[in-house]
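Just below sit the structures, each encoded as C-alpha cells.
Paired with chain B in one complex and with chain C in the other, chain A is shared by the two complexes that follow.
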Partner chain A sequence: MTYHRQATPLHAARVVAGGGFCLALVLCAVIADHPLVLGALLVAVLGAGVGARCLGELGRVLRYALPLALIAAALNPLFSHQGLTVLARLGDVPPFGQLDVTLEALVFGAVFALKLLVVVLALALLSSTVDPDEMLRVVRRVSLRSALTASLATRMWTVLERDARRLAEARRCRADWREGGAGRAARVAAAAVVVRAVAAGALERAVDVAATLEIRGYGSVRRPPRHALPWSRHDLDFASAGLALVSLTVASRLAGVGDFDTYPTVHGSVGLPEGLLVAVLLGVALLPFTDRRGVTG
Partner chain B sequence: MRRRTRAGLLLAGLLAGISGCGLGPGRTPGGVGLAVTDDFGRATVFDSGAPRVSGQDTVMRLLERNVTITTRYGGGFVQSIDGRSGGHVAERPIDWFYYVNGSEAEKGAAATVVHPGDRVWWDRHDWGAAMDTPAVVGSFPEPFLHGRAGRRLPVRVDCLGADPGPCRMVAERLGAAGVPTVGRGSPGPAAGGASALRVLVGVWRALRRDPTAARLEGGPVSSGVYARPTASGASIELLDERGRRAQALGPAGGLVAATRSEGDMPVWVVTGTDSAGVRQAAGALRPEVLRHRFAVAVGPGASVALPEAPR
Partner chain C sequence: MEQVTYAYPGAPRPALRNLSLELAGGEFCVLAGGSASGKSTLLRAACGLVPHFYGGVFSGRVTVGDLDSRDHGPDHMARVTGTLLQDPETQIVMSTVRAELSLPLENRGYRPAAVARGVEEVALALGIESLLDRSTATLSGGELQRVALGAALAGQPLLILLDEPTSQLDPVAGDELIGLLRRLNEEWGTTVLLIEHRLERCLAAADRVIALVDGAIAWDGDPAGFQEWAGRERAELQTPAARLIAAAGLHPAPVGVKQARAILCDHGLEAEPAGEPGGEAHSRRGVMSRRPGRWRRRARGAEPALEVRGLWHELRAGPAILRGVNLTLAAGERVALMGRNGAGKSTLLRHANGLLSPTRGRLHRAGRVALLLQNPGDYFLHERVGEEAPPDALALVGLDGMADRHPRDLSGGERQRLALAVVLGAGDRPASVVALDEPTRGMDRGSKAELAERLGGLARRGAAVLVATHEVEFAASFAERVVLLAEGRVIADAEAREVLAGGWYFATETARILGGEGGAVRPEQGAELLRRRLRLEVAG
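== the complex of A and B ==
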C-alpha cells in the first residue's frame, strides 16, 4: 500500500486534520459496540474511500483483513464459555472442557470482526491519503530521532523491494534456476534465498547509512522551527468532522444510545435514537468530501 | 458408495449423541438446586430448589441465569456474584468456590455439566487456612441421592464400635432422606469398589484407622475440615476460618464432616469423643441441621457450624 497524491479534499487537508479524521474513525470503532453504529462507521470509511479515490487500495486491504476477521469471528464461539443461548453442543473436548456454541459468543465474534474491519480499513485510509513525508515532518517536531528513523525505514523499504526484484530476476537468469522443480516447496526455497540475500544487504546498507548520517552531522541536529500556515477550509472541515465523530460516539455511549451487550444474553436497543445517531455519524463523516473548492492534484 | 456415506453419517451421529454433542441446548435436567452463600454458608445470597435452568447447562450458565455475575479469564472464573467480589479482604484471600452434591469441583464451572438432581452450591470464603475443601456436608442428602457427575453411587455405612445404635440411626436417617439402599460393613476397601460412598460411624479412636478419615487429624490443610480430633479421641478441637483453635469439645462431643482423598469418592465421618458423642453426631444427620454447613460439631445441647465464626 502506497500513498499517491490525488485531487480530493482529504488529500488536500493537512496531516493533522486528515490523519486526525482517519484516527477518529478508528477511535469511534473502538468505543462503539452496537453493530448498527459499527456498520455506519464501515460505510463511512468506504464512503471516505470513494471520496478520496482510494477504494481500490481499501479493497486490496480488505482481501487480507476479511479472512482475519472471519477467523476471529469463528474462533470466539469455540473458545468463549459465555452466553446462555446454546446453539450446538460439541461435547467435552480436553483441555477446553465442555464446548458449547452459544448465540451470544457468535454475535460477540461477529461484532468483534466488524470492529476489526473498520479499524483496519480506517488505518488503510490513513496510509493511502496522508502524505507520509508530511506526517514525518509533523512528528519531527515532537521527536526528531524517531522521525529520522521512520523516514529512513520507509525509504529503505522501497530500496529493499527493488533489491529483491533485481536479485530474483538475476536468479532467474541462471541456467539451473528450475532445478528445484516448480512446486510450492521449490518456490518457497527460492524465495528464501532471495530474502536471505536482501536481509544481508539491508544490514550492510544500514551500516553505510549510519556512517553517512554521522559524517553529515545528523546527531547534532536541533528541533526544526514551526512553520505556521493558515488553516484551509479542508483542514477545518476534516478536523472538525473528526472531533465531532469522537464527541458524538462518546456522548451517545454516556447517554446510553447505541448500547449493546452480548453477555449473558444479546441485548441492544434499536430505535429512533440509534437511527439518528447512525444518520448523523454518516453525515458528519462524509460531509467534508462534498466541498471540492480549491482541490488540486 | 452412497451406502457407505450413509453408514458413516449414521456412525458419526451415534458418536455425537453418545459424547453429548448435538444441536440446540439439549435436555433440561430436573430437580436441580442452586444455593449461593457467603462466608462458609453463614449468609445466604440466593437459594432455590427450582432455579432457572435450560437444556444441558453448565454450572456457570446455571449460575448466570439466576444471579448477576462477573467473570474473568474468558468466562471461566467467577469474580463476583451479586456484587460480592473475590480478592483480598483484610489481607485474607477470599474467592468463590462451588460444590456439586457436596464435592468440590475438579474442573471449572464452565466445563462442568449439570445433571438431574444436582445440588450446586457456591460459597465465597477465606481460603487462607485451607486451599481445598474437597467435600462438605451442606448439601445432605447429597451425594447419597444422586451421586456424582450424574451417576448414582452405592452407599455403605461402616460401623466401627461396639454400640450399634448410632449406626442404625445413620442408616435410618439416610433411608428417611430417600437413599434407597444402604449397605453395611466394617472398615477396609468399600464393597462396590472405590466408587462407593462411605459413611464411617464410630468413636474417633476407632475411626482414625481409616486412612481417609485420619486426614482430619492434620487439620484443614490436610482434610479441608475445620475440626481436629486428637489422636487419643478424647477431644475435638473446633477451628475458626483461619485455622485457629476456637474451642474444644470434650465428653459427649460429636462431629459430622466429609473429606476426600484425591481421585476417591467422598468419605463422611460421623464420630465423637465417646458413644454419647457419636449418638449426638448421628442425630445431627438431618438436612435442616446440615444445610449450607461445611461441617457440624455437636456439643451437649447445641450444634456448631464449622469453621467457627470469629469472635
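== the complex of A and C ==
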C-alpha cells in the first residue's frame, strides 16, 4: 500500500480529519455486530474508495483479506462449541474433541469475517489516502521516539522494495540465470534467493537510513510547532462525518437499534430503525465525497 | 579538527591518522584522494556520525561552530552542518519531496511559514520545484541526489559537507551544482567541504584543496599548488588540463580551462576557432553522419552484435522513455552511451539485455548480452568468490587468485570485476555484447583507467562494449564511438573524438581548452597537437 496524492476530497482533508474519518469507520466496525450495519459499513468503505480513487488499492488488499476472512469464518465452528442449533454432528475429531457444527457458530464466524474485512479495508483506505508525512508530523507532537521508529520503518519499506527490484534484475542478468530452469519451482527458488539477499542487507540499509535521520537533526528537535492552518471545507466535512458515524453507532447500540446476538441462538432485529440506521450511516459516510470544490489544494 | 585519529570497530588500522585541519568560515574546500583514503570518514567526523553513530576508537577533537562533537551527537551538529552522504537512495526518509525538504527545517524548530519559504527557495535554487509534490518512491537516481542535496542545504547551514554530490548527475546538472555551491559560498558565506573524484569539475571553483593519503593529509593548499604537487607526487589526482599542459612541456599546471587557455596564449598557442559542433571542422575524417542514429560503420564484414530498430518504450499512462531509437553495434566496438539524467540510457541497456520488452520496434542480438547494472553488490549470492563465477570468467577479470575470498570482503574495484565475471559467465558461451550502466560511480582515476583497459580487452576478444556513462573523460578514454541520447531519441552518433570535442557540456576538458581543435579529447592527444604546433613555430 502506498500513498499517492490524488485530487479527491479525502486527500484534500488534513490528516486529523481524513485519518479520523477512516479510523471512525474502523471503530464503528468494532462496535457494531449487526450484519446489516457491518454490510453498510463495508459499502461505505468501498464507496469511499471510489470517492478517493483508490478502489484498485482496496481491491489488492481484498485479495489477501478475503481468504483470511473466509478462513476465520470456516475455523470458528471448529473451535466454538456454543450454539443450540446443531447442523452437523461430526463425532470425535482430534484435536477438536466432540465436534458439533452449529448454525450460531457459523453465523458468528461470518459476522466476524465481515467485521474483519471492514476493519482491514478501512485501514487500507487510511494508508492510501492519508499523507504519511503529515501523519508523522502529528505523531511527533505526541511522541518523538514513536515517530522516529515509524519514520524509519515506513522509509525502510520503500528502500527494501527498491532493493528487491534491483536484486531481482541483477539475478536475471547473471550468466547462470537460466541454469535453475524456468518452471514454477525455479521461480520460487529465485524469489527466495532475492528475499534472502534483501533480508541480509536490511540491517545495513536500516543503519544508513538511521544515519540520514540523525544528520537531518531528527533526534534533537523539541516539540515541533503546530501548523495553525485554517480548516478547509473538506477538513470540516470529514471530521464531522467521522464524529457522526461513531456517535450514531454508539447511540444505536445504547438505544438497542441494530442489536444482534449469535449465542445461544441467532437473534437480530430487522425493521425500520435498522433500515434507517443503515441509510443514515451510508449517507453520512459518503456525503463528504460529493463536494469536490478545492480538492487540488 | 585537532589530532583526530579514528578506527572503525574491528578495523585493523585507523581510517584517519593524527589529522589536524582548520576550515575558515566562507572557504570552499575540495577534499581529494584515492579510494579508501579516508575522505568519507573525515566527512562523517565533521558531522558527528563518527564516532557517535559508527562507534570505533576515536581520539582528538572536532569542533564545528561552537559545537564539539565529543559533547554533541550528529542530531545536534545538524544545526550547523548540512550533510550529503554517498548513496542518495538511503538519504530520503519522507514520502514526498516537499516533506523531505521540510524535515530539516522543522527539526530546527522553524515556524510553518519559514519552513514553506525555505522549501520553495531551495527547490528553486536546485531546479527541483516541479518535483515538490512527487512521491520520493518515483524519483530517478539523479533526482534523488538533487532532493537529498536540497535537504542538506535547506537549513542554510554554516558548513556544507558533500560526499560526491555529482556522482549520479549528468555533466550539465553537475556543472550547475558546482556553480550553485560557489554561489552559496560567495553570497551566503557558507563553508563548503566537497569530496569529488572528478576534480576537473570543481577545482576552478575551490579556494583550497586537501589531499588525503592513507588517512593523513598529504597536501593542503591552494588549487594551483595542488596541481603542481599532484604532478610530482600523485599523477592520478591531476586533472586533464594539468596533464595536457605538462605533457606539452608547458608551465605552470593550470587549475581550469580558462587558465589553461591563458597559458596557451602566453606561448602563442591560442585555440583555433572551431566550426559547427560536429560539423566538418570537427570531423576531419568526415565519418560523422548528418543523420543522428545512422553510424556509418567501418566495414567489419560481420553480422552486427546488436541491432535496434525503431525502439519505443512507452509507460502505461505515462511518458515515452525511448522514442524510435535506432542503434547498431558491431562486434569489437567500444561505444559510450551518454545523455542527461532521464534521457533513456539505462532503459536502452535493459532492452538490449532483454530485461524490458519494447512497446514498439525490434531488437536483434547476435548472442547473449551481458549487462552489469549500477550496484555490483546486487549480483552476489554466494559465500565464496569461486562460487559466484566460473574460473575462466574470474581469470578474465583478474580475480583468479581470490576464489576463496568472501565477495563482501573485496574492495570496490574488485567487487565490480567480480560482478563483471558473474555476468560474463563461462567462456563456452561468450557474450556478444557487454553493457555496463554507470560503472565508474565512486571510482578514483586509477580504477577508471583499469576499467577502461579491461573493457578494451573484452572488445579485442570480439565483444561489442556499450557503456552508459555521465563521465566524458572516461568515455574519451575507452570509447571509439559515442551515442548521445536526449528525451529518448538519438541526437548524435559519431566517433568519440567528434562528439566529445564539439560541445560545451559533453566535451572533455582537453577539448574545451583546445576548442575542439583536431578532435583531440584526451590530454595526450591534445599534447601531441600542441607539441606539433610548437615544433612548427620553432621551424617557422
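Everything below uses one rule, namely that the second predicted complex is superposed on the first by the 279 of 297 C-alpha atoms of A that agree within 3 Å, B and C clash if a C-alpha of one lies under 4 Å from a C-alpha of the other, contacts with A are read in each partner's own complex, and residues count from 1 in each chain.
Just so we're on the same page, contacts are C-beta pairs under 8 Å (C-beta built on N, C-alpha and C of every residue); 3 or more make two chains touch, one makes a residue touch a chain.
Nothing here was measured: the structure is a model prediction, and the numbers come from that model.
**Q** Looking at the overlay, what does A:264 touch: chain B (first), chain C (second), both, or neither?
**A** First partner only, chain B.
**Q** Does the superposition put A:153 against chain B (first), chain C (second), both, or neither?
**A** In the superposed model, A:153 contacts neither chain B nor chain C.
**Q** For A:87, using the defined touch cut-off, is the partner it touches chain B, chain C, both, or neither? Pick first, second, both or neither.
**A** first
**Q** Under the stated touch criterion, which partner chain does A:68 make contact with: chain B (first), chain C (second), both, or neither?
**A** Once the two structures are laid over each other on A, A:68 reaches no partner at all.
**Q** In the superposed arrangement, which partner chain does A:100 touch: chain B (first), chain C (second), both, or neither?
**A** first
**Q** Regarding the shared-chain residue A:199, is it in contact with chain B (first), chain C (second), both, or neither?
**A** neither
**Q** Look at the residues of chain A and decide whether chain B or chain C touches more of them.
**A** C
**Q** On the A-aligned overlay, A:79 touches which partner chain: chain B = first, chain C = second, or both, or neither?
**A** First partner only.
**Q** Enumerate the residues of chain A that count as touching chain B in its complex and touching chain C in the other.
**A** Correct list for chain A: none, the interfaces share no residue.
**Q** Touching residues of chain A toward chain B in the complex: what are they?
**A** Spelled out, the residues of chain A in touch with chain B are 79-82, 84-92, 96-98, 100, 263-264.
**Q** Using the touch definition up top, name the residues of chain A that touch chain C in the complex.
**A** Touching chain C: residues 2-5, 131-134, 136-137, 151-152, 154-155, 158-159, 161-162, 166-167, 169-176, 193, 197, 205, 208-222, 224-225, 227-229 of chain A.
**Q** Touching chain A in the complex: which residues of chain B?
**A** 16, 19-26, 54-56, 58, 60-61, 64-65, 71, 74-76, 107-108, 110-113
**Q** Quick check on the complex: what are the chain C residues that touch chain A?
**A** 47-49, 52-53, 73-79, 81, 83, 85, 87, 89-96, 99, 103-104, 106-112, 133, 135-137, 151-152, 155, 350, 353, 355, 368, 370-373, 375, 378-379, 381, 389, 393, 422-426, 429, 431
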